[in-house]
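Working notes for the structure below.
First chain written, first letter: the chains are A, B and C, and each begins at residue 1.
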């Protein structure tokens, strides 16, 4: 197996006396389609916050392409190709999708500090933004104010913003959270169509989706990794059934 | 020189205690709801005018007019809280600042209309006038009274917060509002009560302030800056923080005016900016 | 066919957003009216222009970048004093004085911006307020330099291009202030419609998302704050040059507060809201100048409460909603 693109080494995080992340070591090889599952409160979002830098771990290391990024600020991690989406829409309500995504492209290209050059002069950035939106079936809504978009389209925009940073590693925090079932299948078909060499870790609660799209599954329970294996193994593991199904039906 | 220093320290402490009574309510309500209530200054002024009316028009003795100031400010403030302020809890700081400063403007103009722009005189009982001699120093009797009142209030607040059920609810709500709600605490009414209590204290402070710093329609505006400094430097929702910050500010203000009058309030603003830059959450702030 | 294509073309759409509207042309034509019909009000008109420029500088940080400031008079006053003191050194040429005053205020703004971008909420409010107050105190106590409460006297400004003397009636003053305002608006529009301006709106709309799309947003805010301080300084310098005096009032908290009121009244984040708010505020104050200032602030207070509760986007925001609401 080749060198992993993203790697965590025994990450720890506590809030007061509450241990939310315990000794988490995971590896994502290039082009991975890993799912991160676990009952509510297992610390899935916290793990993503640690990896992308919204939170700082108490101990442990995070490596991107072999380089230690544990102390690197959020924005700098994004520039190195590590991007996330948010479980709760974290958008720009009064901007249109074309404005928001163009902004993300300009930030990536380091053009966002140019205060004297008109936005429209960045034709390539605008073109790229529109291309991303079109790919995510938001082309017709590109010039509507974000706050007026239906919820499902806002979820797509959440992803479009992340894609505009040209990520090598993309962490998706419940991309289909709150979306009706038929639309969530559409969302995941968009994810399935992403470039093969893009490394993806996604959190998802719907097991049928997890087993369709993930090539490997990480099971997180009470902040620690219970199991990491291929879908078939995870599906038949008695501990997973107990923890996960017990929770789901309890 | 040492005599001067002692008097300056004493006067500063007395002024600081006044600032504490004026500000502590604002600190707790800000900590509870993150509501930047600049109208707190207007409630303080209201308490001052309530005392003026109670002593001059109704003939109440000064000491009996103090609870009147408290109650009037508490009742009026809670009426505003229930009808207007609550619409602004989610409105962002700027809107809160603008709305409540608007209220301060209106209050100042109304006070000028009713009472005129002159300083209001107040009749003190005999034992609060003049000076008390102690260890060779002459201390103003009223300032001693002020310090005692402030210390009693501090004691009551600390005990009340620590040992009463209501106090526990307030602490829980300041700490973590959602968790408190989860525990079945009615944060809404806890807040209304706290708001009334805090504004009542401001009203009491306004009444106590008349003898020391005077009362005119600009009071709400003028002392607002002092109150905001106490609250932000002390740290939101912290009684101890407000106490420390108010004492420091009081002593610094009096000492500055005494020893380096040419600098005015420059040092105070500078110290505030530096402290807030180093510790944006205030000296004893949780957030 | 062609129309349908351009409607879906993002480039064309974005160009339309930055285009001048007919209203703006009408507005600028209307600014010439005072020369011909209200020559007795030229002094007021130039003060409106100065204040409008100041309000625009505040709009850049408050309206576009979402940084609350209660102490922006600091930069206005620094520019005003710089321009005044410069003439006392024997150099009274106004245009270079204007530029230098702007650069000076911008430099101070740049230094202050390191503090501003690191704090939020109440601390930010109090730090901007505190910096404004301490600058005013400083100017007051440095009486040998600033003239203290008497103000800076003996400011001698040379004629513009050695030709246009600042006359008693204020023709030159208003023309000068108006041209500087116009340049200020055009420059601000250029900034607002750049990729930088877009990122500023991003910061205002969602601060937490900005780092997650790789934005060094603190640097953006610093740039915005510096530009805004410079613009405020230029506004202050124009006031000095057109009135040939500087008073402590130029640094006062009152000025910082009034400008926020004007901005909220007119509508934030749309430049012309700042101009409209400044014009209404200044003209109303002039018309009601016979009124006791206490009562003037009564109405300002009522107005503030009504605006916050009823039209949170200001007059211009409310109007544009009405117009758009009818259109669709």
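Please note the rule applied: a residue touches a chain if its C-beta (ideal position, glycine included) is under 8 Å from a C-beta of that chain, and two chains touch if they have at least 3 such contacts.
Small disclaimer: the values here were computed from a predicted structure and weren't measured.
Enquirer: Considering only mean CA positions as chain centres, point out the chain farthest from chain B.
Expert: Between chain B and every other chain, the largest centroid distance is to A.
Enquirer: By CA centroids, point me to the most central chain in this structure.
Expert: C
Enquirer: Just give me the whole-number Å value for how far the CA centre of chain A lies from that of chain B.
Expert: Roughly 48 Å, centre to centre.
Enquirer: For chain A versus chain C, what separation do you get between their C-alpha means, in angstrom?
Expert: Comparing mean C-alpha positions, chain C is 41 Å from chain A.
Enquirer: Approximately how many whole Å separate the CA-defined centres of chain B and chain C?
Expert: Distance between chain centres: 34 Å.
Enquirer: Across the complex, what residues on chain C touch chain B?
Expert: Of all residues in chain C, those touching chain B are 62, 68, 70, 115, 118-123, 125-127, 129-131, 133-134, 137-138, 140-141, 257, 260-261, 264, 292, 294-295, 297-298, 300-305, 307-309, 312.
Enquirer: Going by the contact rule set out above, which residues of chain B touch chain C in the complex?
Expert: The contact residues of chain B facing chain C are 30, 34, 36, 84, 87-88, 91, 93-95, 97-99, 101-110, 112-113, 117, 217, 225, 228-229, 231-232, 236, 262-266, 269-270, 272-273, 276-277, 280-282.
Enquirer: Would you mind writing out the residues of chain A in touch with chain C in their complex?
Expert: Checking each residue of chain A against chain C gives 52-54, 73-75, 78-79, 83-84, 86, 90-95, 98-100, 102-104, 106-108, 111-120, 122-123, 125-127, 129-130, 139-140, 142-143, 161-162, 164-165.
Enquirer: Help me check something: in the complex, which residues belonging to chain C touch chain A?
Expert: So the residues of chain C touching chain A come out as 8, 10-11, 13-15, 18, 190-191, 193-199, 201-202, 205-206, 208-217, 219-220, 223, 227.
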